[in-house]
Amino acid sequence: MIEGDFVEMNRTSVSNIIQKGGTILKSARSKEFRTPEGRQKAAENLKQQGIDGLIAIGGDGTLAGAAVFYDEHQIPLVGCPGTIDNDLFGTDETIGFDTALNTAIENIDKIRDTADAHDRLFLVEVMGRDAGFIALNSGIGGGAEMVLVPETLSDIKKVKSYIHSLMSEQHRSSIVVVAEGDELGGATRISEELRADEAFAEIDLRVCILGHTQRGGSPTARDRVLACRLGVSAVEALLDGHANVMVGLIDNRIRLTPSRNVYSRKKSINFELLGLTTLLS
Amino acid sequence: MIEGDFVEMNRTSVSNIIQKGGTILKSARSKEFRTPEGRQKAAENLKQQGIDGLIAIGGDGTLAGAAVFYDEHQIPLVGCPGTIDNDLFGTDETIGFDTALNTAIENIDKIRDTADAHDRLFLVEVMGRDAGFIALNSGIGGGAEMVLVPETLSDIKKVKSYIHSLMSEQHRSSIVVVAEGDELGGATRISEELRADEAFAEIDLRVCILGHTQRGGSPTARDRVLACRLGVSAVEALLDGHANVMVGLIDNRIRLTPSRNVYSRKKSINFELLGLTTLLS
Amino acid sequence: MIEGDFVEMNRTSVSNIIQKGGTILKSARSKEFRTPEGRQKAAENLKQQGIDGLIAIGGDGTLAGAAVFYDEHQIPLVGCPGTIDNDLFGTDETIGFDTALNTAIENIDKIRDTADAHDRLFLVEVMGRDAGFIALNSGIGGGAEMVLVPETLSDIKKVKSYIHSLMSEQHRSSIVVVAEGDELGGATRISEELRADEAFAEIDLRVCILGHTQRGGSPTARDRVLACRLGVSAVEALLDGHANVMVGLIDNRIRLTPSRNVYSRKKSINFELLGLTTLLS
Amino acid sequence: MIEGDFVEMNRTSVSNIIQKGGTILKSARSKEFRTPEGRQKAAENLKQQGIDGLIAIGGDGTLAGAAVFYDEHQIPLVGCPGTIDNDLFGTDETIGFDTALNTAIENIDKIRDTADAHDRLFLVEVMGRDAGFIALNSGIGGGAEMVLVPETLSDIKKVKSYIHSLMSEQHRSSIVVVAEGDELGGATRISEELRADEAFAEIDLRVCILGHTQRGGSPTARDRVLACRLGVSAVEALLDGHANVMVGLIDNRIRLTPSRNVYSRKKSINFELLGLTTLLS
């Protein structure tokens, strides 16, 4: 938009890409777009091209930026929730979440395969700076003994005593899933806490940071269908004259949410699931 | 139940199985249970063992049988929806559906990789005797040009002319996903119809029947979390004194449905998705 | 070559394709190339473009055609073994074989997951018109009870009695892997033979034809490394002045084989492996 | 062996495990076995049980320990090469290597999917304390721009200037694969070196440590077939009266190597492959 580099696309432009991870648009964050001048330039380029509608796909930052752009230039704009973190108000699921979740669980499965020795503790860090959706769901789906998420205050003393009792009673390997954004710090930080405590002297402690692998990979069935539904709905919303809204899926139905709500409000984690992690461990 | 072969299980009985396909119970359909005598024997064995609650996991047949058993013997019984077909009233999703769907799509992706030649038509048959949930979702997620499901009447003439126009205009390979239970017959039957029509003489026609591979494999994230939620809810339902109901997930919330409704009513396919298949092809 | 449609490629032309199945060249079989006139046209186009070397990637047919082309027009040509069937003399492994093999085994794993009932027999047909490499290796790797390959004469009576004794003694599900090109016919043909025999009346018989899925999918580690090694070797062979040869991997070393040997001689199956199938079943 | 805990196994003991990662034996390293007393106890237990042959599966440590045990107690013993590192003399491939390699490459593929921004550098650390087999092969198979292995001396200055020129010329993301045992230190250490150099100030540097996920997962086709061949050969070697040898695969043929050679000699990395990494980057 800023460089005035536009390409017209039709249905063949997207043939044979549905199974691919990453982006074919090669769009990335732009410093210039953060300045009024940059956005001004983008708006002029759009008008010059006769483009009278925009669809912005991304997370918090993208949609907040899009809203600012709309407020300044009133070019009709509809947001589409695309982030692996699933932390967007206005949709039960974001595009990318289910794929990241399955990648995390496949990795946890592989880690569990190696847990054949006694008294081994794996601290597995998954993505989620501000939200524990991946940690919570991959913890349940991966059969973890404990899950640490940013949404709940974790007391390191309680964490220690829980893990310790767990390992001393069942004497087999345990897996703890930690969201990178947990207020106790990530897996590395927590491992230092444990290593500093001689109660854990006998325990073979391993830190696994799944990292960027969660951002790629061929999309899952659910993410593909979700992306098709939301993509079509975003176009329809534009055609229906909507602007400055985000399309989302709420209780299996397409819903529109004012952009401002998306980044001003916080989506709550599912506390029924949170209860399961302690119940099932 | 009939052979009186009972094993007490605790949490360690299920350790390290969450990633596995298939069943560790090795339970299978029983002819004897279809007779009043067989069910009588089962009921006596249960009472003798002091078992005062049952959880039945399965599809239509299992839950119908469970209801009959309850009517005859009043042993509290809660059903859990487990079938890849997703055709159970009382839950938006059944345990196994998401896994089968991803398997179908992974296979369609591989088939598409081979679609490098011109004028090749793949008829891919997926599971679904009475329901098109797998076909519909794998068709969208697999980028198929057309989807045939039992829920809608398909006119072979229209199917032919649609495929033919599709292939003559774009001159590349096309994929058609067919549910095994489509009223036109499965992929093999349809391929015979097309081969009998000289308009398709030039077209290289391939039939792929995905078959049993859709019934196995390591469960996806979604299926694991769903199974944990429904399993726990089924136990809680029993403890709360419920009987002859099925636990399900409706609009992301746990719901109980009277068993009789589950097999007497038909779950509708999502017509918004059905619309997408023609819109996106 | 025939249409004179040439594109110059450099290292960026192949960036980010190493993980993809299928071909980016979109080249496919050409009827015209089978005629002397077609090949004449191709040769003229090459000369006009100043192209003084060719690398042909494919199986039997491709390499035979390439040899004919070389005999007629003496344009230096080096073959690269690319077929999932692994049936090329002059190389221990062909590009694509390891990927197809892993796909076959993943599918057999999923089928085995469903083998929870007693007395169920799966006839799994894998690719291999003239060769049993996929059947033999996927049979061992998939834990099949029996493997039928074109390289050995199978007596239907012996096959029947072996399967029957197997199933009556161990009373659990069995998997038989059949190469599509077995002289008894594929899995469908064999299932008819068994169904016609009342000794199998009690046995629940299932036919699974893995089909085209074996031709696609992201290449395995081994196939990627093999393709890199052979591709580089093919270029080096051309630069070294070789022509009408195929590059291959024999005992882990790059070797050149005269094209004529490649399609005139038959690569033997590994009889040590064949022994394992009966030993381990 | 030390605790005298023996279980007789037959062919059904291993039914339906061929697709599983990890071990069903739950055997793990034993401190006691490192003492002469511990080995004495083990030998007595074996003799008491009338066990007159041992097969030891593992890497360097396991096979060295096994050799010591044989020297002290002369119980016929055959080794089987099982390690993901592939660093055992006496076999071209070890059981587990191909699986670990494919896991590493699948992860690198996912990382590459995220490499959509300019000037991003991924330092991917794979396993290999003393050997670069995984790094070398996953680097080629993953399309890495550079590979750092313990077998070759890497000059940090050269590494820096190579990466820098690479990134400034092509202005897209680059991937460098580092073996954990590289003498420059792992990925974290190298990233510190780069961050300390203002020439890399503009470059977005990401460290990914694949870690334990490489040790698990369902075995690949190649690993399954290799394990079957070596397992059978190990038994046959014992029956043929061999002792204190390791079975291995050399140039596609089963070979026996005296145990002492296995851990006293170093297997060379493939320098043809090493050449490819620079040639293809």
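Residue numbering begins at 1 within each chain, and the chains themselves are lettered A, B, C and D in the order written.
In this text, contacts are C-beta pairs under 8 Å (C-beta built on N, C-alpha and C of every residue); 3 or more make two chains touch, one makes a residue touch a chain.
It should be emphasised that the depicted structure is a prediction, and the values quoted were computed from it without experimental measurement.
Visitor: Based on the averaged CA atom positions, which chain is farthest from chain D?
Guide: So the farthest one, by centre of C-alpha atoms, is B.
Visitor: Cα centroid separation between chain C and chain D, in whole Å?
Guide: 29
Visitor: Rounded to the nearest whole Å, what is the centre-to-centre distance of chain B and chain C, using the mean of the C-alpha atoms as each centre?
Guide: Once rounded, the distance between the two centres reads 33 Å.
Visitor: Counting in whole Å, what is the centre-to-centre distance of chain A and chain C, each centre being its mean C-alpha position?
Guide: About 41 Å separates the centre of chain A from that of chain C.
Visitor: What are the residue numbers in chain A that touch two or more other chains?
Guide: Residue numbers touching two or more other chains: 109, 112.
Visitor: If you connect every pair of chains that touch, what shape comes out? Choose line, ring, star, complete or other.
Guide: Shape of the chain contacts: a ring, since each chain touches exactly two and the loop closes.
Visitor: Taking all chains into account, which pairs touch?
Guide: Pairs flagged as touching, ordered by label: A-B, A-D, B-C, C-D.
Visitor: If we count contacts the way the header does, which residues on chain D are in touch with chain C in the complex?
Guide: 12, 15-16, 18-19, 92, 98, 101-102, 104-105, 109, 112, 137-138, 140-143, 170, 172, 218, 220-222, 224-225, 228-229, 232, 251-252, 254, 272-273, 276, 279-280
Visitor: Quick check: in the complex, which residue numbers of chain C touch chain B?
Guide: Those residues of chain C that touch chain B are 20-23, 26-29, 103, 107, 109-118, 122, 206, 208-217.
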